[in-house]
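Shown next, in structure tokens, is the structure this report addresses.
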Amino acid sequence: RDGENRAWPFMNPGTLLDAPYRPDAARAGYADLDVALVGVPMDLGVTNRNGSRFGPRAVRNIERVGPYEHVFKALPVHELRVADIGDVPLQSRFSLEQCHADIEACFMAIADAGVRHLAVGGDHSITLPILKALGRDRPLGMIHIDAHCDTSGEFEGAKFHHGGPFRRAVLDGVLDPERTVQIGIRGAAEWLWEFSYESGMRVIHAEEVDALGIPEVIRQAREVVGDGPVYVSFDIDSIDPAFAPGTGTPEVGGLTPREVLAMMRGFAGLDVIGGDVVEVAPQYDATSNTAHVAAQMALEILCLMARAPSMGQPSGG
Amino acid sequence: RDGENRAWPFMNPGTLLDAPYRPDAARAGYADLDVALVGVPMDLGVTNRNGSRFGPRAVRNIERVGPYEHVFKALPVHELRVADIGDVPLQSRFSLEQCHADIEACFMAIADAGVRHLAVGGDHSITLPILKALGRDRPLGMIHIDAHCDTSGEFEGAKFHHGGPFRRAVLDGVLDPERTVQIGIRGAAEWLWEFSYESGMRVIHAEEVDALGIPEVIRQAREVVGDGPVYVSFDIDSIDPAFAPGTGTPEVGGLTPREVLAMMRGFAGLDVIGGDVVEVAPQYDATSNTAHVAAQMALEILCLMARAPSMGQPSGG
Amino acid sequence: RDGENRAWPFMNPGTLLDAPYRPDAARAGYADLDVALVGVPMDLGVTNRNGSRFGPRAVRNIERVGPYEHVFKALPVHELRVADIGDVPLQSRFSLEQCHADIEACFMAIADAGVRHLAVGGDHSITLPILKALGRDRPLGMIHIDAHCDTSGEFEGAKFHHGGPFRRAVLDGVLDPERTVQIGIRGAAEWLWEFSYESGMRVIHAEEVDALGIPEVIRQAREVVGDGPVYVSFDIDSIDPAFAPGTGTPEVGGLTPREVLAMMRGFAGLDVIGGDVVEVAPQYDATSNTAHVAAQMALEILCLMARAPSMGQPSGG
Amino acid sequence: RDGENRAWPFMNPGTLLDAPYRPDAARAGYADLDVALVGVPMDLGVTNRNGSRFGPRAVRNIERVGPYEHVFKALPVHELRVADIGDVPLQSRFSLEQCHADIEACFMAIADAGVRHLAVGGDHSITLPILKALGRDRPLGMIHIDAHCDTSGEFEGAKFHHGGPFRRAVLDGVLDPERTVQIGIRGAAEWLWEFSYESGMRVIHAEEVDALGIPEVIRQAREVVGDGPVYVSFDIDSIDPAFAPGTGTPEVGGLTPREVLAMMRGFAGLDVIGGDVVEVAPQYDATSNTAHVAAQMALEILCLMARAPSMGQPSGG
Amino acid sequence: RDGENRAWPFMNPGTLLDAPYRPDAARAGYADLDVALVGVPMDLGVTNRNGSRFGPRAVRNIERVGPYEHVFKALPVHELRVADIGDVPLQSRFSLEQCHADIEACFMAIADAGVRHLAVGGDHSITLPILKALGRDRPLGMIHIDAHCDTSGEFEGAKFHHGGPFRRAVLDGVLDPERTVQIGIRGAAEWLWEFSYESGMRVIHAEEVDALGIPEVIRQAREVVGDGPVYVSFDIDSIDPAFAPGTGTPEVGGLTPREVLAMMRGFAGLDVIGGDVVEVAPQYDATSNTAHVAAQMALEILCLMARAPSMGQPSGG
Amino acid sequence: RDGENRAWPFMNPGTLLDAPYRPDAARAGYADLDVALVGVPMDLGVTNRNGSRFGPRAVRNIERVGPYEHVFKALPVHELRVADIGDVPLQSRFSLEQCHADIEACFMAIADAGVRHLAVGGDHSITLPILKALGRDRPLGMIHIDAHCDTSGEFEGAKFHHGGPFRRAVLDGVLDPERTVQIGIRGAAEWLWEFSYESGMRVIHAEEVDALGIPEVIRQAREVVGDGPVYVSFDIDSIDPAFAPGTGTPEVGGLTPREVLAMMRGFAGLDVIGGDVVEVAPQYDATSNTAHVAAQMALEILCLMARAPSMGQPSGG
């Protein structure tokens, strides 16, 4: 019986979703993987509380998430060839620009090998270089769950901060705004996000969710992203701080994990080709609940990838 | 006025539900009690984070729960003869089997005296010896609120771990699976719980609650357990970790305390003859919220017992 | 661009809602203010856990709330002349009565200057002297969001404890019970609050909110308070302890911040002439979430004041 | 074997030093006790952080202190007739004066019964009414271990705050300043404590301890208090905040527990007739270390009482 | 430059002393290792607070300890062939006896391969099966740093609890009591440890350290253990709880890390052939300081092993 | 009486050393100040845990430090004209280089006004631009209390990280290495600090302090810095993590606050013309003890400045 043979949940160094640890995957050309789980311990893009550089390690330390997802009826870490390949080799703790270059190079290599990925940040600025690697051939659709639209412009001289990756991704042609939906938006920075509306993204605020209901949110999101390739970017601050206090820019009045779980399950069948979970700052996570929710959402995204129509097809990566 | 004469909430050693402390009750044959509140500080049955051996003390330290329950319009600690009789005298911190024998003996003695009980654990494995004491004459019905079905089989050589008490209780003939409902189920161990379905238990997953609505959950639960004697077993991990982080096997996406309060109140009139509150591990409870919810649910179960049709009848115990 | 010129969220001493700090405002006669933000660091009125004397400082330390409220489409700190004028000068850490006298004098002076206020406590007993200052000319209406009715009588020889301010406010003629609604009520002290019902207040319990729905709660509250001047008193313990653990008399089964945000926004257009946020005890707030919710609700109340029909009129104060 | 028969350290409600709980001792006239362990959950005398009203409960919850003290080679809870008699029945959570009257009455009754006591606070103001009860026949000598001299005068209209009990005790004739030594003194309030010097107390600052060495500190203390009856008052803030963070007025640069343990053991043979442990505020005690040190020091004082020359003599109380 | 090439301290899954992770070492016969770093996540032997099953993971998560030890002028992880080989494969979370058998088998295999080890617990009971593996050919000497002698007898029916491993090790002939020194002893269980004295161990209490001075403690310890093979067993509860709160049976008045560091460095040149660091329970370690001290002491023991006369000799293992 | 008139310790926004808040000081040319207290909330120079950007706010929130220092018999905030002038206006949260330019400009302006300063960081990299501002006319002497020498070279492409400010300060001619003493040094990076020895700094390791004794440490430090102008740079990680856990690169085995207090007082009479307190990261400071020690050390440095021979002389700045 499987239960008997698994290592205890608190044994050995933890890995992302308890997947095998393969620090040598890059050298081996990622050849035998379907999905690479990758940490991106970088938080130089934040505007308030830092600390999400410790996010990947915190998610690895969660003892029990998966392997089974009973609504998907999936065992994605076992159905697919999945490994935790460690963290992106970053060359500078002092340069946001250098980190972005390193991230782009790493995800480009993974994609070039025909391998998909699920990344764990780090701050949300990491999604820009990731999208640049994944969307270079055609702009991607995106389901973006966040308290913030992250479509503001240059700020204090920085192009790559965590408040603006999706503006640049659109401008760089790697993200299709008309196939982008942003869910859970709230807080005081609405005036910085005109770009979302101007570029044609669909924005669903947290306070709209009650009136719409989750089934309608799911319906609208599916409608927006359609059948094409979709990236799922999950910012933990979309979740209310009661459930996920460990983050750098919390906003009162967020989504509940049950709501987001329902959404994730409602997205089954979309062509999800990659995703990330970002902004876990464990210094502010007195109970480790935040990392726990992040790990669960990583499992959900992996299930979506396992069930994606293009998974396993030649052009899958 | 009552308010004037009560001890301050933080005065003196705390007791379960602020009931009188009667450590000598066993020696007195429990003669003058309707309900014994009992701690069971034992956590040798856990599979992940331990610590619920400190659960009874944590629940005792909650300053303010009850005595009045305004929806039941009940003062159960005063309406009935209730006392905190201390903890089960356990003989070994190293043997799960010995502890189960001690627990069974203790609850057998209470039941033999015609006294009902409300237990505070400890891990969920304690409910097996309790049910063996209470259900020896006829199998009981059960309302089981939990993230887990706890109906798996032998595990790592252990028969009495906290993941399987209800399988054994059915096999031992002390629990009636067709009069058992399990509410709040979720997480990654679904494949271990076939026994719930095969034996005829009704399983309501956490994610089903939104669609059903609480009134329908109540209706189904009442339908399942019917008019016969019912045991209420409340595992704190049924509640979402945001509300109850202090537990050993937390699962994302749980019930809210408001939902469970509504259920408890909706169960009024059932013939609840005993119950327990388990799996409070205060080491993980940075705010003491978990013990607070546990204490509140203990009050609700005591209200159900106070309003049970058979309370006070000769065969009540 | 505004974003560029604002101080970083963690820079300099924090102030209420990041408003300018004007400790000299009293000496200047408050002449140039529309709304004074005032701390009241006093917790001698509590019956259980103390610590809300640290509430104002905790709320000041929240890094990011406002300035924009995107549902109100308001920038109240900028639309109005608003300043943090520091804390009420209190003369005794040992006398509840002396503190109440000091509070009344301070708010009387502010009101006499034709200036409105938003106070941050401190325990809920502070609202009595505040109402005495504001309601001396005519009794006020009130929207009171709390787990407790706070209408009990003298207790342990004290007239001014935090469990009874609204009984006395009615008896003193400064609060109109028939224009008072109390929302979120629950817990074990119902039997102490007969006065609410006898005097004609509308009481909406937490457990009633599910059945009513938030829109109906808003409708009833608007109906009760009508067009006259309304005070908004927000006790953080109205919110469930998962979202707001840092308080002295928490009660299981509370409102969610999303529910209260919806209410606040639904109260737009009422003639809100003042308000307070009370009972934040940061010692119990492991994540600072409680102070965060408190700060957000202070912003909402300030928006209500900014949108009040009488704001800016000669008799505004 | 004793070890086999003792209750587990985390079982049942905790009591002071794990002594039997005797809430009915007052009614029984304390007749069969040598030493009453008493909680005094009152903190209305504090000037900064409150919370020591929870001190007695925190000390009761420490799992393992004693019963054996291996340097004294004593088992004081078993050598003497000792019980935790619960907390002083206090009548008002709002009046410092009333609390002091209640405390004085309670300790007067204990002393009248010829019973000695060891008290656990609560703030340090409680020692004034205690000394008034114990010293009414003749002024006592005192070993006072504290960061503060606590000999300042009236403050903000209060006579009974925690910064001045020993001035009043001298003025009331119940404390002999020339037989009083104060050890561990530091912090910014030196200018408030002239009375210590003027009245003839011996003050040993924390920073003097390094140069003197513990043996010399012991020698001086013994010299000061001599052969007469001695009270030991231990304020937990004497200890450095690293070892005892859970207190209301911490001061950098304090004593270590090892230093104070050495002192306590060095005081063996003095005629210690009573004592207290005060200022434990568990809200600030993230690890429970503070309550642990407090419990240990209570054991040490009880050992001193057990070894006092007058213990067991007719005039012992 | 080395500093440039090392992974960031918070990157990738953490390993013991940042050594390479070699989960396959057992299958490879440990052939190419000098020292195996091994986790033993087992805490079924505790008598009070459990949780040290999470100790190995906590020590792995410490970001920065070593690689250089500037007093030893050693880089032991690089000088020797060292790897983190993961945790002992344990077969039952419910049987202390089974775990001991598994531990003994694992360390026997390592020793049989001629490889030395440094273990990280887990509770102190693990040292008995370890010593049985290492000392089977001749009894070992031991430097034992602990608050407790751990030489008591059978307890509650258990032979293998964490309070008695060194009695049994002597009785089993794998530990030489006359070459054993126990340092840091204190607390209330002295009467359980007669065996230490009767068997000829040297016991140095915590309170003796001040009078002796660290150089004399070192001299005595060296004298006791002499030139033969020495095992170093470091129980984190030897350290004062201020420095190491995260443990299950804390004792007031412990050693400081600076004292123990001085001892470790003073033991240089002894023939240290193995060691362990035990009793880290991270649930009680609010700051991670405890795991940090544990990791540092592991580094010190590894330095002692690197400098041991027999290291690298044929009979080294 | 002063005690009566001071604001309560928890009232109003906190300021550094409770000094008056003067955010407009820069605009006023600092004209009427002797010493400016300045926050520098910048942590882009760290190599491990970030978070010290919140250091200034944490130190401001300490309730009670000073105003009196009883060993110095000084009231420095009152003896001198001292104000908290807020934080350095920093222009980019993303560029370490830009921050350093802003810091240098700010301190240059203060110095140009003939005003001295005491800075609160922020990470230790801030001391380089500060020294460049203060030492431009002649290299300064320095008492540097730290776990680390901070004299390493360029790292990961960065010149201005927190591990190297004092190498660059020497190379830039603003720090005199032969008049520099570094106290408390330890940890694993010794091999990076050759520059300290080569340039002629005096390095006193933490482990040397026991043998030397504090008086000898003071004597050597005074000998090194002599009569010339001295800067005091206090890195909180010099202190042992038990006393100061809230920092980014903690090292086991540090100094105690009592030792550093004794040093500070032993430096009285040196010509201390400025100083800083750095590396307080409150995210890791579960008790606020770290910020408390930092505030106390800031008071000590201010006392040294108040007693410096050149204070008040024309060339004082």
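Each chain carries a letter (A, B, C, D, E and F) given by its place in the written order, and its residues are counted from 1.
Definition applied: contacts are C-beta pairs under 8 Å (C-beta built on N, C-alpha and C of every residue); 3 or more make two chains touch, one makes a residue touch a chain.
Given the structure is predicted, the values throughout are model-derived calculations rather than measurements.
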{"item": "Set of chains adjacent to chain B and to chain F", "value": "A, C, D, E"}
{"item": "Most remote chain, CA-based centroid, reference being chain C", "value": "E"}
{"item": "Identity of the chain that, by mean CA position, is farthest from chain B", "value": "F"}
{"item": "Where chain D and chain E are represented by their mean Cα positions, the distance between them in whole Å", "value": "39"}
{"item": "Gap in Å, rounded to a whole number, between the CA centres of chain D and chain A", "value": "56"}
{"item": "Shared-contact residues (touching 2 or more other chains) in chain F", "value": "8, 10, 47, 49, 53-54, 93, 156, 240, 242-243, 284, 286"}
{"item": "Arrangement of touching chains [line / ring / star / complete / other]", "value": "other"}
{"item": "Chains that touch, pairwise", "value": "A-B, A-C, A-E, A-F, B-C, B-D, B-E, C-D, C-F, D-E, D-F, E-F"}
{"item": "Residue ranges of chain D in contact with chain F within the complex", "value": "47-49, 152, 155-156, 186-192, 205-207, 210, 240-243, 245, 249-250, 252-254, 284, 286"}
{"item": "Contact set on chain C toward chain F in their complex", "value": "7-8, 10-15, 21, 23, 39, 41, 53-54, 56-57, 60-61, 84, 86-87, 90, 93"}
{"item": "Touch list for chain E against partner chain B, complex", "value": "43-47, 49-51, 53-54, 91-96, 98, 156-158, 160-161, 283-284"}
{"item": "Touch list for chain B against partner chain C, complex", "value": "3-4, 8-10, 63-71, 214, 240, 242-243, 256-258, 261-262, 265, 286-287, 289, 292-293, 296"}
